[in-house]
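Shared between the two complexes below is subunit A, which has subunit B as its partner in the first and subunit C in the second.
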Partner chain A sequence: MFLYYLRLAVKSLRATPGLTAVTLLAIALGIAVPTASLSIRHVFAQDPVPEKSDRLFNVRVESWDANSDFFGPAGEPPKHIAYRDMIGLRGMDPEVPSTGVASATIFAFPEGREAQPFQAGVRLCHADFFSMFQAPFAHGGGWSRDVDLSLEQVAVLSYEGNQRLFGGGDSVGRKVRLGEQSFTVLGVLAPWQPTPQYYDIINNAFGRPRDVFLPFDFIKDQALALSRVGDNDNWGPNVPRDDPEVFFMGTEMTWIQFWVELDPADRGQYHQAVDRYALTQKELGRFPRDLNNRVSPVMEWLAIRQVNPPGVDALVLVSMLFLLVCCLNLTGLLLAKFLAQSGVLGVHRAVGASKRSIFVQRLVECQLVASVGGLLGALLAGVILRVVDWGAPDFIIRPELFRLDLFTLAMAVGLALLAGLVSGLYPAWRACRIAPALQLKLQ
Partner chain B sequence: MLQGFKNVGPILRAMMRNKIRVFLLAVEIAVTVAVVLNCSLLILQQLETIRRPTGIVEDELIAVVLRPYGASFTDAEFRRQTVDQDLEAIRALPGVVAVTPISNFPLIGGGSALQARPLGGDDSQLVRAPQYSATPGFLETLGLDLVAGRRLTDADLPVGQGAQSLNVMVTQELADALFPDGDALGQTIDTGSAEFPDVIVGIVSPMFTPYGGGPMETRIMFFPGRPSSAQRAQYLVRAEPGAYDDVFRDLDATFLKVQPERLVTVRTMDDIRAGGFLQNVLLAVLFSGVAILLVFVTGLGIFGVTAFAVAKRTKQIGTRRALGATKDAILSHFLIENTLITLVGLAVGLVAAFGLNVIMVSGAGAPRLGPGVALIGAASLWVLVMLATWFPARRASALAPALATRTV
Partner chain C sequence: MLEMIDVVKTYRTDMVQTRALDHLSLTVEAGEFVAVSGPSGSGKTTFLNVTGLLDSFDDGRYLLDGHDVSRLGDVEQSAIRNAKIGFVFQGFNLIPDLDVFDNVDVPLRYRGLPAKERRRRIEKGLEEVGLAGRARHLPSQLSGGQQQRVAIARALAGDPKLILADEPTGNLDSATAHEIMELLQGVNSAGTTILMVTHDPGCAAQAHRQVHLMDGRLIDIREESLPTLNVTQLSSAAAAR
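And then the complex of A and B:
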């Protein structure tokens, strides 16, 4: 029966090619716009690590001085922590998996004479980084916790870094020259790009991953001379920079995103420990403001950072209203079409078609147009996303960030079927109520 | 058409016989006007941010980043000499107006900021300001003017390496924030270390650089210096508009001729700017896209529904023509009919627009909808409806009276 309806629907659609084309265009546009904006929102608002986003916590302490203002929403502590506080928090009892996250750059010298040195992006982190954030290793592995202190010259390469330095492959055990120093490769990551890149949401939320992962304290290695990059907020006493040890342990500059892994039930307990740490600092004459420390799970932290810009939600709302207008249009078009067919419908009814079968038949026709229009809309949404992708500079948004994926496709078809149903109900109902006798008489 | 308004009675009665069509069109127009008005507000808001005058000649500027990898760059004296040689070589290029090394590029949406206060002032007098370190040529390079006091000269450049007191230039906004009495010139300020206070010697013309919002975006301070580290140096080059492309092309080789052991990246200021305004541009483009498509779709819908109405009423139109109605009367019938529907739609739509605006203001920080924008938007939509009605209505008016006599 369904196949018969489908055949009737195709026939009816082919009978009025102009109207069918306009109808398809209306649906395709109506679907493309909300699909594209929902995809964009999805990129910004999705949970980057659903399996453990409730176990990873960003930690901040209120270390700012009493008077001056800092960037960011009122009532929030600074968005990073200072080096000395990272050391302090990592030294607390009981020990939990933790890592600092910061960025630096250094010249890397690929093997081979012709290869030009290039500015490599360095991810500074601790040993626990790789297990906490589930970094997938293609070869080898990360470094052990002792290396965080002993500073053996070892490195982990991202997939991209391995491509740039060695052209890919298993590079474990090979040496990579960074600045004037030589590092042994311990591990190479598989392509890994959480979206958003939550562990460094401040400096690299949607960019390419850094090339090289190094133990954090190499930032203090004067011979290596990494140059620190990324956002930082600074205040108060000027600390001389000549000796990195003195500088980093003395400055109030906040520049490190600090993460711990906890059982969600232990959040309160850990927060209390952070508060106790803050009290010890108050005794030292630091932390002049009231206690205002934060232990925020991933999604809370992303919300605080407004990773999903407020304009995007407005865009989704506007797109949905756009779809509504397209649905209204569609209702008008379908109504016009079905009523124009009154004569034929009257004959159908007169020779025995039930109201119900006329109704279902019309709905099948609507759903057929909607599915095809939905697919067209998905393609169009893909084009829109490509244009957005192409328009955004690569150094902030990596290519291919916005694209037509299964999520987009499923959403487009789902929206289309819903739109077809909503728009088709009234016209189909009107069509099935046509009185057979009246129509026949008019002929 | 004016004449046609006498026939509003019959037109209204005709509309009552097609309630659904009237309802669909009115709702469509209502939603369209609500959405388009709010989109326009958001677009205007983003454009205002993007287009805000920066006070500098960004169209004439070229941004150069140098990343040295030679070991000799670890020596501060070597770097100082290299800056001087770079400046000399770049100035010698034909078409170059001015050049300066600079600690950060303006317009990138961030940079480096300090907190300053009058020397001896208390913490409540601290003022946050983006800071730039550059050679005295920065004024001409950026295209800023001297408003009061004096320019910086080579004699103001720091001597040796350590911390020292410097003569600085500030924008009027920063001067006023530090010294509300308006006597900033010649005053001594504390920019982080009270042992080495700095002196304001000159005031530059207004400048704006995006820095996450707030008043600090126009409170800007310039230090004399030759910013260049072992890892990085940045230059701004101002080219004569006619010679921009030539200078742009030659910069790479010119820098490498002075010192080969460094990577050179040359970019236009537009590229640099893009980072600072990326989100604004993206949203402006997306909202414009939605608004334009929406207007298109609504126009298409009105066209379609009116065309259908014309087709359905062919016989009635023929009859009216046969009974003596002029072509103009038929044309104005449809125009008036759709005007009435539009008026209903606009009335509902304007209420909806203000409602939607409340959500947008609280949710997306959109500006408030004012009566001016609302009226312009409503009037434009009426014009759109008239255009979309015109073509099918013209076809209706061209129908021959003889049609009335045919049955099918």
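And then the complex of A and C:
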């Protein structure tokens, strides 16, 4: 009977094209706004690495001065750690996969005479970065842990960096000139843009991927002269920068996001180890504040950093209220239509349709109009997302971040079916409750 | 075919109470053609609605085809309407969005018959009422007489035991009304019981029996002889059903 009801619904909708158009418009508008806002929220709030987000931990230590306030959420330690703390944490026993994450820039020189040098984005990280964050290699692979110390001049290119430098393809073994030095390409990543870019949530949560990945300690290479970019905080005394080793091992400047990979069951044990490290630093006269270290899994870290801003949730709430208003309008339209058709319903009742049949019939019609309206709403949501995408600054939000995708489409249809059900229940109930004798008089 | 015993139906509003059927008792035998007449407000339509299980009643008993249908639920009543009763209305009551074929198809859909059987019955029904060539016409493309024929085809498609006709010729000119009456008599002669509400004495006279209603009460029952009608083609077609 479902197909028959569907056929009746199509005929009923075609019989009243004006009312159908208004109804579709009401649903489309009602669906488009919350779909767009939910889609935006999805981008901000989704788990970027669901298969291992409980195994990757951001580590922070309370290294801030006792007498000055830290500019961050109350009760939280600094969002970064200092270079020397990264070295200290990486040296803890037992050793676990770990990486520092920071950003820099440098002029890169593409191959070919016509190509212009450009300022390339550099991701500074350790060897474990690629396996920890599941970076997909199209060609080659990452460097070994030895290279983290030996600073062999090797690099990994992102998909985008490889496009800019070599026009794509397998560039493994080729040389790339960065500043005045030449690096050998060890690997090229396939397109990879976790959303959000959780390993660098502070400086590049939704931006373009960096072009080149270099072993972290190249930051200390004066000849290479990387320009460090990104947020940093410092409370300590000025340390001379003439000798990078002295500077980085002496400064209290925090600028590195530090990650480890652990079995979730080992989190507490690792946290204790971090606390022990902090106590050793206290003995050295550092870390004047009480112990307040953090070992935060991915989603907890994203929540602390409010990657999904509270404003987005408010937007979702307002858009849901808008949908509710549209549903109320829809209820009114459907009620008017069904009551106007009560004569036809009377005929159905007279020839054998039960109240339940009429109720289901009307709901099918509601769901049909809701589904079509939902698809229109999804298209409209796609337009809204394009406008948002177009309006967002490229250096914060990478192009195509907000777009009509399967998630958006499924959400639009799901919301539409829910709206159709909610809006249609009362009109359908009223339609089936009218006495058939009265309905026939109205025919 | 049907037996009503002391049936009472009262319409109530906050201010007024109107007794539409007042201890009405009536027996209609299978195969009878009964005309129900009476002035406006006498309870004819209420009587027909109660008979067709389109309306409830307050007191009394109602036996249809040997079964007490006085206090059945909606699903059972709907199933009985679908299986045993066919309706023909003054205003034809065709569904305007559906073509002739689909209008006749409606009761068969609720019966749950397979597509092949439905098609057979629809084509046969339309042939019987002389509208086989109009299956894909919309009701608005048909004359009043043709629309009423479609309504009769729809009523007959489910092979009912009882046809309830509410002023079936009320919206038709006299020639067309005559055709419709011939059609109904053909149906009746094939064995289907017909209960017809009418204002028209001419139509009423063509029934086996006339029932007169006044203020919800049965005040007169007259047996009539069935006039000779030109129903040969229709009755043979109906008999073939």
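One rule holds in what follows: the second predicted complex is superposed on the first by the 436 of 443 C-alpha atoms of A that agree within 3 Å, B and C clash if a C-alpha of one lies under 4 Å from a C-alpha of the other, contacts with A are read in each partner's own complex, and residues count from 1 in each chain.
Definition applied: a residue touches a chain if its C-beta (ideal position, glycine included) is under 8 Å from a C-beta of that chain, and two chains touch if they have at least 3 such contacts.
Keep in mind it's a predicted model, so treat the numbers as computed, not measured.
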Contacts of A:436 with subunit B and subunit C, given as first, second, both or neither: second
Partner chain(s) touched by A:12 [first = subunit B, second = subunit C, both, neither]: second
Subunit B versus subunit C as contact partner of A:383, first or second or both or neither: neither
Subunit B versus subunit C as contact partner of A:279, first or second or both or neither: neither
Which superposed partner A:353 touches (first subunit B, second subunit C, both, neither): second
Partner chain in contact with A:149 - subunit B first, subunit C second, else both or neither: neither
Subunit B or subunit C, by number of subunit A residues touched: B
Subunit B versus subunit C as contact partner of A:21, first or second or both or neither: neither
Overlapping contact positions on subunit A, where the subunit C interface meets the subunit B interface: 443
Contact set on subunit C toward subunit A in their complex: 45, 49, 52, 54-55, 74-75, 78-79, 81-83, 87, 89, 91, 93-98, 106-107, 109-112, 154, 158
Touch list for subunit B against partner subunit A, complex: 20-21, 24-25, 27-28, 31-32, 34-35, 38-39, 42, 67, 69, 71, 74, 110, 115, 123-124, 126, 128, 163, 192-193, 212, 229-232, 263, 271, 274-275, 278-279, 281-283, 285-287, 289-290, 293-294, 296-298, 300-301, 304-305, 308, 311-312, 356, 359-360, 363-366, 408
In the complex, subunit A residues that touch subunit B: 22, 25-26, 29-30, 33, 37, 40, 65-69, 71, 105-107, 116-119, 180, 225, 227, 231, 235, 238, 309-315, 317-319, 321-322, 324-326, 328-329, 331-333, 335-336, 339-340, 384, 388, 391-393, 395-397, 426, 443
Residue ranges of subunit A touching subunit C (in the complex, touch as defined): 1, 4, 11-12, 14-15, 343-344, 346-357, 435-437, 440, 443
